[in-house]
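Pasting the structures in now, so scroll down.
Two complexes, one shared chain (chain A), two partners (chain B, chain C).
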Partner chain A sequence: MNSIVAIIIDGLVYSSWLFIVAVGLTLIYGVMKILNIAHGSFYAIGAYTAASLTGSWLALGYDQSTAFLIMLFSAVLVGFTLGPIIERGILKYMYQRDEIVLVLVTYALFLMLEDIIKLIWGVNPYFLYQPYGLLGSFEIVELTYPNYNLLLIGCAITIGCFLTWFLQKTRHGKILLAVIHDREIASTQGINVDRVYFLTFTLGTVLAALGGVLTAPMISVQPGIGAETIVMAFAVVVVGGLGSLPGAALAAILIGLVRSGAVHLFPDLDLFSIYLVMATVLIFKPKGLFSAQEERQI
Partner chain B sequence: MPDKTLTFTSIAALTLVISGGVLPQWAIFLVTVSLCYGTVVLGMILLARTGLVSFGHGLYYCLGAYSAGTSKLFWGISDLIFMLLTAIILTATISFALGFLLRKYRSIFFAMLSLAFSMILYGLLSKSSYLGSTDGFNVTTQTIFGYDFLDSGYARYIIFLITTFTAWLCCFLMHLYLKSNKGRLADAVKDNELRVEYLGASAAKIIHTNYVISAVLAGLGGALMAISIGHIDPEMSYWTTSGEFVFITIMAGTSSVLAPFFGSMLFTTVRSFAYEYSPDTWQLLLGTTMLIIIIFLPDGLWSLFTRKKKHRSV
Partner chain C sequence: MKSFKIKIALVTIILCCFSKAFADDDAIKIGFISYLSGPASSDYGLPAKHAAEAIIKSINAGNAPTPYSMKGFSGTQIELIFLDEAGGSTKQVTEFTQLVMRHKVDFVIGYLSSTNCLAVAPVAEKLKILTILLDCGTARIFEENDFKYVFRTRSHSTMDVIAAAKYFLTDHPEIKNFSGINPNYAYGRESWRDWNAVMSILAPQAEKQSSQMPKLHAGLYGSEISSLARKKSDVIYSSLWGGDLKAFLMQASPRELFKETKLILVAGEPNLQNLAGFIPDGTIVTSRGMTSGMMENDSKLNRWLIEIFQEKSGGLATYPVYSTANAILGLKKAYEKARLTKLQKAVPMADVAGVQDGMKQAYLPPNTKQIIAAFEGLDFETPNGRVEMALGKGHQAIHGTSYGTTRTKDGKVYTENVKFFPAKEVQPPKNIKSLDWILNGFQLTK
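Here is the complex of A and B:
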C-alpha cells in the first residue's frame, strides 16, 4: 500500500516537473517548427540565475518568503534577455532552412551556452536549499513529503491551464493557433508572423527558465544539468506528439508514473524506463500520441 | 575529370603508415583517435547523404566498444582481430533489427528515435555493476592473429597500423559503394523519396542498407577506439557523444569519403589543444564554428577544396 502511494505521489511530482520543463519546448516547436536543443541551456541558466540571485538576496537578510518572488523574477529576467537575443540575433535568419538544420543550429547554441554558463558561474555546484524547506511538509500514510512538491504540481497545473486558456480563449492565442495551422495563410490574413515567432520564442524561453528556477531548490546546480534535462524534455515532447500541449501533459504523466514505478520497484531501470517508454510509443505511434495529420511531400 | 579519390586515399594512408615510424607517441595516438572518429563519421556521411541525421549513433559506437571490451570476459579471447569481428557482427545484427523500425522515420523523428535507443543503452550500461557502471572498465588487447604483441614495445604502432588499414579499407569500399548504382540512390532518396519509388527502387530498403553500413562503421570505430584508448565507459552512448559525430559530419561536409577523416583530424587536434589551454571554452569554440559553417559553408569545410573545380551548370 505504502509503496503504491509513494509511486503515485512521486510519479505525479516527477510528471509535473517533466511537464514544466517540456511545455516550452513543445510550444516553440508547435509554432516555429524548431526542436530547440538550447532549451536545456535556458533551463540550466534559469537554475543558475535563481540559485545565485536568490542566494545573495537572502544573504542580505530579507525575509525568506520573498525568495519565491526573486525566483520568479529570475525566470522572467532570463527569458526576456536570452529569448529576444537569440531569436532576433540568430534564429530569425534561419527560418527558411530545413527542420533538421534548425536542430543543428540550436545544438550549436546549446554548446556555446554550456560554456558560457561555466564562464559565468564556474564549475562548482550552487545550492539553493532555503525555499525547499520553507513550506514545511505534509504526511500521507506514514510518508512525509515536502510541501514544495505540491507547489511543483500546482505550478504545472497552473501553466497548463493558463496556456490552454490563452490559446483557446484570447485573441493572441487564436492568432498563435492560426500560425501553428498554416504559417503562410496566417500571414496573408494580416498576421505579423515575425512578431508571433518572436513572442513565442520569448515565452518558450521564460518557461524553460522557469523550469530551471523551480528545479534549483531540489538539486545541486552544476554543469551538465542542461544536457540531462533536455533529453528528458525531448522524450516528453516526442511521446506527446511534437507541438501538442495535451500530448505533452499526457506524456509527462505517463513517463512520470513509469519512471517512479521503475525507481521504486526496479531501481536499476531508472533512466532506461524513460527511453523505453519513448521508443515503445514511437514504435506504435510514429509521430507521438497526439499528432497532427501531415501532407505527403510530392 | 578522372576520379582521383582512391589514389588520394591510398597515398594518404601510405604517408600515415610511413610517418608513423618517425612521429612522436602523442601524435600517433592523436592520429589513431582521429581515424577512429573518422570511421564513425564516414558512416554518418552515408546517412547524411540519404537525408538522415542520427542523434544516436553513439549506440553503435558504444556497442562496438563494449563488444570489443567484453570479448575477454565472454569468450576468453583478447585478440585484436577477433574483437573487431565481434564488434562488426554485433552492430550489424542489432542495426539490422532496429533498421526495420527506423527506416519508417525521417527527419526529426529519425533523430529522436535513434537518440532514444542510444539512451536506453546508456541507461542499461550505467546501471550494470557487472560492467563497471558509469566508470566503465579497462580493455587490454593481448594478441593479434595469435601473436602476442602487447609487450613487444610496438603495441601502439601496431594498433595504429591496424586502425589506418581499417580506415583506408572502409574509405575505399565506401567510395566504391557511393559510386555504385545503389550508393547513388542515397542522394536520390534525400531529394525526393516518392520519385525514387516511382523509378522502381525501394526507399525503405536503401535507408535500411545505409543504416546498417553506417552502424557497422560506428561499431568498428568504437571497437578501435576501445582498443587504442584501453578504456570504455557508458558515456560513449550518451547523446552528446552522438552530437560530436553530428558536429564533425556537418563541419567536414558529405561530398567526399576523405572529408570525415579530415574533419576528425581537425576536431581531435583542436580539442586536445583546447583541453590543454582553455578547457572551459572548448564547447564555445565548437558551437561558434558550427554556426559559422551552417551559415556560410552549408556543404562543410570540404567544399572549400572542391568549390573551384566545379563548373556551374544551370
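Here is the complex of A and C:
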C-alpha cells in the first residue's frame, strides 16, 4: 500500500513538471504548426534568469518568501522579451515556408541561444535552492516530501485550467481556436492572424520560461539543461497528440505514473519506461492520444 | 689518440649544429577533447581545458619544475587544438577522424566519458594515432582489448570502488544492507557492478536493497529518492557526478534521505565546494588520487599546477585538472625518453664517415612507435603522485588514492579522517580482470 501511495505521489509530481515544460510547446504547435525546438532554450533561460535574479534578490537580504514573486517575474520577463523579439524578428518571415524549414529555423535558434546562454552566464552552475525548502515539508507513508512539490502540482493544474478557460470561454480564446482550425478562413473572417501568432508565441515562451523557473530550485542550473528537457517535452507532446492541450495533460500523467512505477518496482526499466509508453501509444494511435482529425484536400 | 680527439671534436661540432637546426622543428600538434558544453562542462570539461592551456603554456616557456623543465617536448613547442566532447559517441568518432586527417594532429588527449572512450579507442588504433584517454572510469578499455596506440594515465574506477568499501567497512564492519544510485551508462553500471562484487566478498552478510539507475542528466530524482528512502539502507553508494550529483543532493537533503543512511560518493570530488549546504556531514568521498584539498601534497609539481591553474581560471584545481596533468606530463616524459633513447643509440657511432647521416636521423623527432615503446610501462611523477603504467600491457595507469569524510564548516566542505590507499592495494595485478580479481577475493587465483 505504502508503495502504491509513493508511486502515485512521485508520479503526479513528475507529471506536473512534464506538463509545465510541455504545455508551451503544444500550444505553439497547435496554433502556429511550429515544432519549436528553441523551447528548450527558453526553458533554460528562464531557469538562469530566475537563479540570477532571485539569487541576487535574496543576497540583498529581502524576505525569502518574496523569492516566488521574483521567480514569477523572471518567467514573465523572459517570455515578454524573447517571445516578441524572435517572433517579430525571425519567425514572421518564415510562416509561408514549409513546416520542416520552421523546425530547422527553431533548431538554429536553439543552437544560437545555447551559446548566448554561455556568453551571458558562463559555464559555472547556478543554484537557487532556497525556494525548494522554504515552504516546509509534509510526511506521508513514512516519506518526507517538500511542499514545493505541491506547488508544482498546483501550478500545473492552474495552468491547465487557465488555458482551458481561456480557449473555451473567452473571445480571444475562440479566436485562437478559429486560427487552429483553419488559418485561411479565420483570416477571411477578419481575424488578424499575425497578431494571434505573436500573442501565442509570446505566451508559449512565458510558459517555457515558467517551466525553467519552477525547475531551477531543484537542479543545478548549468549548460545543457535545455537540451535534456526538450526531449521530454517532445515525448509528452507526441504521446498526447501534437497541439492538443488535454492530450499533453493525459500524456504527462501517463508518462509520470509509468516512470514512477518503474523506478519503484523495476528500476532497470526506468530509462525504457517513457519510450515504452510512447511506442505503445503510437502503435495504436499513430498521431497521439488526442490528435485532431485532419482534412484531406482533393 | 690524436685521431680519437679529432673525431670527438667533430662529433661535438656536428651535434651542436644539428641540435640548433633540429630545435626549430614545427610545433607538435595535440588534439585536446573535453566537454566544452553541456552538463559535464562546468565541473569537468572546462577545468580540463583550462588546465591543458595553463600546463602547455608553462611547458612551452620552460617553466615547469623538474623533471619537466625542458621547453616544450624536447625543445619543440606544443600547439593545442580543442574540440567539444559533447554530442554523443558517433560525433566523437567523426571528429576524431577529422582531427587526424584534416588537422594532422600528432597526438590526441581527451575524453572523460567511458562511452566516448570505448567508441574512440578502436578508431585511434585504426588510424595509428597515439591517444591518451583523460579519464573514463571503465576498466573495459584495456581488460577487453589489446590496444597499442591507446594509453590511459588515470586509474580505472575499480580503485574508487575497492577503496570506498575498505574505507567504509573499517568503521562499519557490521553493515546489514546497502542501496545504490548510479548513472545508467557504461561507467555507472560498471561501478555499481564492482561495488556489489566487492561487498559480496568483504561484507557477504550485507543485502542489496534498492538499485537505482537514472538516465544520465535526468535532472529530477523524486521517485528514486522515495524508493531509496523507503529502504532505509545502512549506506547508499553513488557514482553520480557533475550536475546530476548536485541535483540529487539538492532534492534528497530536504527529504531527509541521509538522516539514518550514510552516503558514499565515488565521483564527488570536483563538486565538493559547490555542494556546501547540500552534502550531508559524514559523507564518504574520494580524491581519486592525491588531488589537493584532501591529501597533504606539498610537492613542487603540485604547487606548480595549483599556481598556474589558479592564474588561468581563478578556480581550485580539482580532479579533471589533475587528470589533464597526468596525460600531458606522461606524454612529455614518454616523448623525451624516446628522443633520448634515439640519441643514446646514435652517439657511440663515432665513425666520421657516417656520422652526419647518423646524427641527422638521431635528431629527427621520435616516431609514434618509438614513443609508444617509451610510454609502455612508464613510471612518472605527477602533481597527483606517482603514476605507473602497470596494467593493460603497460598502457593503463595505476596510482594511489585517498578517502575521507566530509564536514561542512562556515560554508566550506572539509574532509577529515583521510586515509590513503596505495595503488597495489586497490587495483588488480597484471593479467587478471578487475571483476575476476575482486570475486577471487583479491587473489590471482582461488
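By our rule, the second predicted complex is superposed on the first by the 296 of 298 C-alpha atoms of A that agree within 3 Å, B and C clash if a C-alpha of one lies under 4 Å from a C-alpha of the other, contacts with A are read in each partner's own complex, and residues count from 1 in each chain.
As a working rule, a residue touches a chain if its C-beta (ideal position, glycine included) is under 8 Å from a C-beta of that chain, and two chains touch if they have at least 3 such contacts.
The structure displayed is predicted, hence computed values, not measured ones.
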item	value
Clash-or-fit label for the pair chain B, chain C on chain A	clash
Touching partner for A:35 - first (chain B), second (chain C), both, neither	first
Partner chain(s) touched by A:227 [first = chain B, second = chain C, both, neither]	both
Touching partner for A:124 - first (chain B), second (chain C), both, neither	second
Touched partner set for A:268, first chain B, second chain C, both or neither	both
Partner chain(s) touched by A:188 [first = chain B, second = chain C, both, neither]	neither
Which of chain B and chain C A:114 touches, first, second, both or neither	both
First (chain B), second (chain C), both or neither touched by A:90	first
Clash-bearing segment of chain B, relative to chain C, as chosen among 79-87, 133-141, 259-267 or 295-303	133-141
Contact residues of chain A, present in both the chain B and the chain C interface	114, 118, 123, 227, 268, 270-271
Residues of chain A that touch chain C when the two form their complex	2-3, 6-7, 9-11, 13-14, 17, 114, 118, 123-125, 127, 129, 132-133, 137, 142-146, 149, 215, 217-220, 222-225, 227-229, 259-260, 263-264, 267-268, 270-271
Chain C residues within the chain A interface of the complex	37-43, 46, 86, 184, 210-215, 217-220, 222-224, 226-227, 229-230, 243, 246-247, 250-251, 254-256, 274, 277-278
Complex interface listing, chain B residues touching chain A	53, 101, 104-105, 107-109, 111-113, 115-117, 119-120, 122-124, 126-128, 192-194, 239-240, 243, 246-247, 250, 280-284, 286-288, 290-291, 294-295
Contact footprint of chain B on chain A as seen in their complex	35, 90, 93, 99-101, 103-105, 107-116, 118-119, 123, 227, 231, 234-235, 238, 242, 268-276, 278-279, 282-283, 286-287, 296-298
